[in-house]
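Presented sequentially are two complexes of subunit A, the first with subunit B as partner and the second with subunit C.
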Partner chain A sequence: MFRYIVKRLGQTLLVLFCVSVFSFFLIRMAPGNPAVMMLPDGASEEAIQEMEVRLGLDQPLYVQYFKYITGVLKGDLGTSTAYRTDVAQIIAQRLPNTLALTAVTVVAGCLFAIPLGIIAGSHKGTAVDFFTMLFALLGQSMSPVWLAVLNVFVFGVWLGWLSTMGTGSVAHYVLPVATLAYPMAAQIARIGRSGMIDTLQEDYITATYAKGIRRFTVNWKYAFKNALVPIVTLVGMQTGAFIAGTIIVETVFSWPGIGQLLNLSVGNRDYALVQSVLLVSAAFFAVINLIVDIINSLIDPRINLR
Partner chain B sequence: METLLSIKELGVVYHTERSKVYAVNGLSLEIAKGESLGLVGETGAGKTTTALAALNLLPKSAERSGDILYEGKSVFHMRERELLKLRGGEIAMIFQNPLTALNPVFTVGEQIEMVLRAHGGGKNRQIRERAGELLETVGIPRYRLKDYPGQFSGGMRQRVGIAAALASSPKLLIADEPTTALDVTIQAQILELMKELQLRSNMSLLMITHNLGIISELCQHVAVMYAGTIIEYGEVAKVFKNPLHPYTIGLLGALPKLDGPRSRLTAIPGRIADPQNLPPGCPFHPRCERCQEECQSKTPGLAAIEEKHFVSCHLYTKEVRP
Partner chain C sequence: MGKDVLRKRMQSSPFFVVGLSVAFVIVVSVIFLPFFTGYSPTANSLTSTFQKPDWLSHGLSGHILGTDELGRDIFTRLLYGGRYSLFIAAVVVLLQVFLGTSPGILAGYFGGILDTIVMRLCDIVLAIPNLILAIAIMAVVGVNMTNLIFVLTFAGWVDCCKVTRNNVLVIKNREFVHASVVLGASHGHIMFTQILPNVTTHIIILASQRFGFTILLEAALSFLNLGIQPPVPSWGNMIAGGRSFMTIYPWLVFAPGIALMLCVLAFNFLGDGLRDVLDPKRN
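Showing the complex of A and B:
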């Protein structure tokens, strides 16, 4: 187990290296220039060139990359051109907001969707199943952009029940969490249902009934554990995706997290900040995947960590 | 002897989207306390369906008729609580394929312990202790309780299945082709084990198989099944020495013999009756060499030919009732 974790972390470093290369070159392929963005409108050509020299943008790309990556290895993520402060500091300020939003979303989504999927799967063909599938179909068909705007319009503007901007209170969580959690819950419910349906057809479930085990226990203990592996995998992937890119939701609800930050910094051509946000998200994604694999190997002994 | 399980005119029809599958058709059978009965038949004869019906475990899509009485009480009309006691407690079952009959994500210990907890209970330590004993009874060391099914071979898993079935000291053990999925040497070990355990605990055994050798090893009585009904029933020695139904004669003729002059094995022509489209009259008539006009329209009933030997065939009922 320990050796496996070390090995996986080694692989993660390789992935992060690739991410650093891609993010570095991709953002530089975008039209626009941070030097221009930093100067007031109508700045002279000379001023721009001077700024480029100050930012090191006049040097060849590989030199710039080398400087960047050696900085990262030393723990220096660079300086934001838009905020004129340390990138690490900005991210450290924003990351807790995204993590909090993600955590609440994932916990709420799982608490709601996992039981729903299990009940639907073990009562296939009943009304509960029908409404679960309807719920899932809607959740998976709605674009998050539309869902976010719909939530703002209905609950924020029309009914005026909930705040649609920023953080601060529990009420602030409701709309962004609902917007993020609904499509996620739809997917979890669906995969939980199909996992239960498959499992309940297995011989070992008939064998469990033949041992005189109650239906409730069969469903929630003996079949549930079998249906859990795909659920955990899905939850892991979605958690990673939430940390990396709740751009739409954070932007619509003015949630000061790193999704919104990424959106702003791309607009500002804030190279150092874009690169670092992507790197941090990728690192989270990799670690979550590792955790998912470890959890799954604990659930299902047939999954071998090697 | 006192009757333990009595199946009366059992009929099971599975409804699929396109058609009806007549899996069991008017099957009657009795098992006495301590008796071991063999149920033989080809694949698709309705053997497993009969076994699951005895535990009231047929899927909802199955339409049942007739009745099954356990100690005089209808299994079909039992309440949920009584059924939970019956399943695993009174009647235990060993499944055909040990590779799929154990839950892969629970330890074998848990799969034995769940029976103990459901029937009797007790403290966790006692349950664990008892599960270890059971595992040792079937020849697996106790420390393997914490291993998962995937860490065992097929034969070992079937032993675990037997240990779990025996956990609550059931009065009837239904073994649904317990050795079919295993290779021959392992088969012998498992059968030896079952024979020993049955004799020791005086439980009844319903051995479902298509292997006639197993029946002669283990059982006192044999019921031959064809197209969801019993076509011949009697003491093993009588039926095997003097088979009456052309199907039974065919089954025995298809077995190679070690002694006596070598002769060609005879195969029964044709295929087993299609349960979605059963022939009228005697279900065996399309394959029967001695088929008569009557067989094509009239279904024969089970009739006693000699003491403890019954057959369902027009050839013999005529002889008895001229």
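Showing the complex of A and C:
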């Protein structure tokens, strides 16, 4: 167990290192001189050179990377050209909004979809199963763009029940969460169903039936635990990718989080911010995947041996 | 697997039949219908803005789905937008299959250090969520059609690579491969004429599933103004453009939204159906 965690931790760090190199060089490829962007229009040649020295742009790339990465490790993500303040500060301000949205979405999606998937899988071929599959396929085909705009129209404009802009009250959560949770719930229900179908074919399940244990107990006590492994992996991946998921939703619902920030920064050509959002989202993704693997190895001890 | 078995399976899979029919209708419409509607997808006509849909009362020459804020025919724009979406998705998926399968076969077949390098490379690409990766690259390299195809391909070749590699790992230990080695076949011959045909089923299934996903990703990028640029129509940027007029003329958003949903649904049904039809494990 311990060795497995250390190995996965090592892999995670390696991947994060590579991501940081990738994002560093990606931003260096961006058009425009950052020194010029920091200065007012029509700055003199000397002022630009002075700024380049101040930003360290005159040094070789590996030195620049080394400076950048030591800064990142100390929590210094650079300066935003559009907001003219610390990138780390801007991200820290907006991250809680995105995290809150994600947490509510994940909980709502799981509470709805896991039981649905398990029931569908243990009643394969029935009407419940058919409608679950239909629900899942529809959800996977639903573009977040279309779903978000449709929700705004139906509940905001047409019925006028819910607010479609900004954050603040519980009611503000309903539409963004519904938009984010539907495609997620669709996938969970689907994975839960197929996991359950596979598990119910295992010999140990037949053995529990042979012992005369009730079907309900078999499903929810013995089979559920094994069907949970792929579900945990999927939920983890979706949670880890939350910043990506929220870009569209935050933009449509004017939710002041990281996703909206990324979209705005791209428009502002604010590369330091884009780079940091890339790095932060990769770090979250890696850490959550690590946690997921550890949880899974606790649920299913066979995983350690692989 | 014989042709009779395939035909029988196709007929018994409702998802496959429905998906294939709808996808066929969509593909044929976006390719051929623009020749008959008689409107330009980009030319403005400020005397005829926000016209109500004529439906089919004037045949193909009327504004079947009405006009938008600049007087452009929505139905025509929908068809051209579909052309771009489907064309891009097709090119992207083909590139992904090619770029993913080749390293996948090599990594799975030779194993060792090559395998480690390829797999770690996949991990790095997988470590950044698709949409964020696409947005970041698009922001840096600039927005145009070639870059869009490059970005979408780059975000998705990994799945193909991993699936191929995992399948090759299993197949390379089968007896017929050992037999080829004993008979003195070259590595290239074994990889591409012995192993490759055995992984194609999985690749076809994966490719059909990636198709719908690529359309969704392209729509998201176009919605964020990082994909296909107005005035060239795409379903994503039509939804974005129509948002401002949603309260007075919701049809502007509904037409591309419904088209997007139907199209992706059809291809996802097709992908799921294909898995049922082609699954080698099924009897």
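Following the convention adopted for this analysis, the second predicted complex is superposed on the first by the 246 of 306 C-alpha atoms of A that agree within 3 Å, B and C clash if a C-alpha of one lies under 4 Å from a C-alpha of the other, contacts with A are read in each partner's own complex, and residues count from 1 in each chain.
One rule holds for everything that comes next: a contact is a pair of C-beta atoms (placed from the backbone, for glycine too) under 8 Å apart; a residue touches a chain by one contact, two chains touch by 3 or more.
From a predicted model like this one, the values you see are computed outputs, not experimental measurements.
Participant: After lining both complexes up on subunit A, report clash or fit for subunit B versus subunit C.
Facilitator: fit
Participant: In the superposed arrangement, which partner chain does A:Ile213 touch: subunit B (first), subunit C (second), both, or neither?
Facilitator: The answer is first: A:Ile213 touches subunit B but not subunit C.
Participant: Quick one: angle from subunit B through subunit A to subunit C, Cα centres, nearest 10°?
Facilitator: Given the fit on chain A C-alpha atoms, the answer is 80 degrees.
Participant: Just checking: does A:Met37 make contact with subunit B only, subunit C only, both, or neither of them? Give me first, second, both or neither.
Facilitator: Touch status of A:Met37: no partner.
Participant: Once chain A of both complexes is superposed, is A:Ala88 in touch with subunit B (first), subunit C (second), both, or neither?
Facilitator: neither
Participant: Could you figure out whether subunit B or subunit C reaches more residues of subunit A?
Facilitator: Looking at subunit B versus subunit C, the one contacting more residues of subunit A is C.
Participant: Just checking: does A:Tyr204 make contact with subunit B only, subunit C only, both, or neither of them? Give me first, second, both or neither.
Facilitator: First partner only, subunit B.
Participant: Quick check on the superposed pair: does A:Val287 touch subunit B, subunit C, both, or neither? Answer first, second, both or neither.
Facilitator: A:Val287 contacts neither subunit B nor subunit C.
Participant: Once you lay one complex on the other using chain A, what is the shortest C-alpha distance from subunit B to subunit C, in Å?
Facilitator: Between subunit B and subunit C, the minimum C-alpha distance equals 11 Å.
Participant: Between subunit B and subunit C, which residues of subunit A are contacted by each of them?
Facilitator: none
Participant: Could you pull out which subunit A residues touch subunit B in their complex?
Facilitator: 202-214, 222, 225-226, 299-302
Participant: Which part of subunit C faces subunit A closely enough to touch in the complex?
Facilitator: 15, 120, 123-124, 127-133, 135-142, 212, 216, 219-220, 223-226, 236, 239-240, 243, 246-247, 250, 253, 256-257, 260-261, 264-265, 268-269, 272
Participant: Where on subunit B does subunit A make contact in their complex?
Facilitator: Checking each residue of subunit B against subunit A gives 52, 55, 57, 83-89, 92-93, 95, 97, 100-106, 114-115, 118-119, 148, 150-151, 161, 164, 168.
Participant: Quick check: in the complex, which residue numbers of subunit A touch subunit C?
Facilitator: Residues in contact with subunit C: 11, 14-16, 18-19, 22-23, 26-27, 29-31, 137-138, 140-146, 149-150, 152-153, 157, 240-241, 243-245, 247-248, 251-252, 262-263, 265-267, 269, 271, 274-275, 277-278, 281-282, 285-286.
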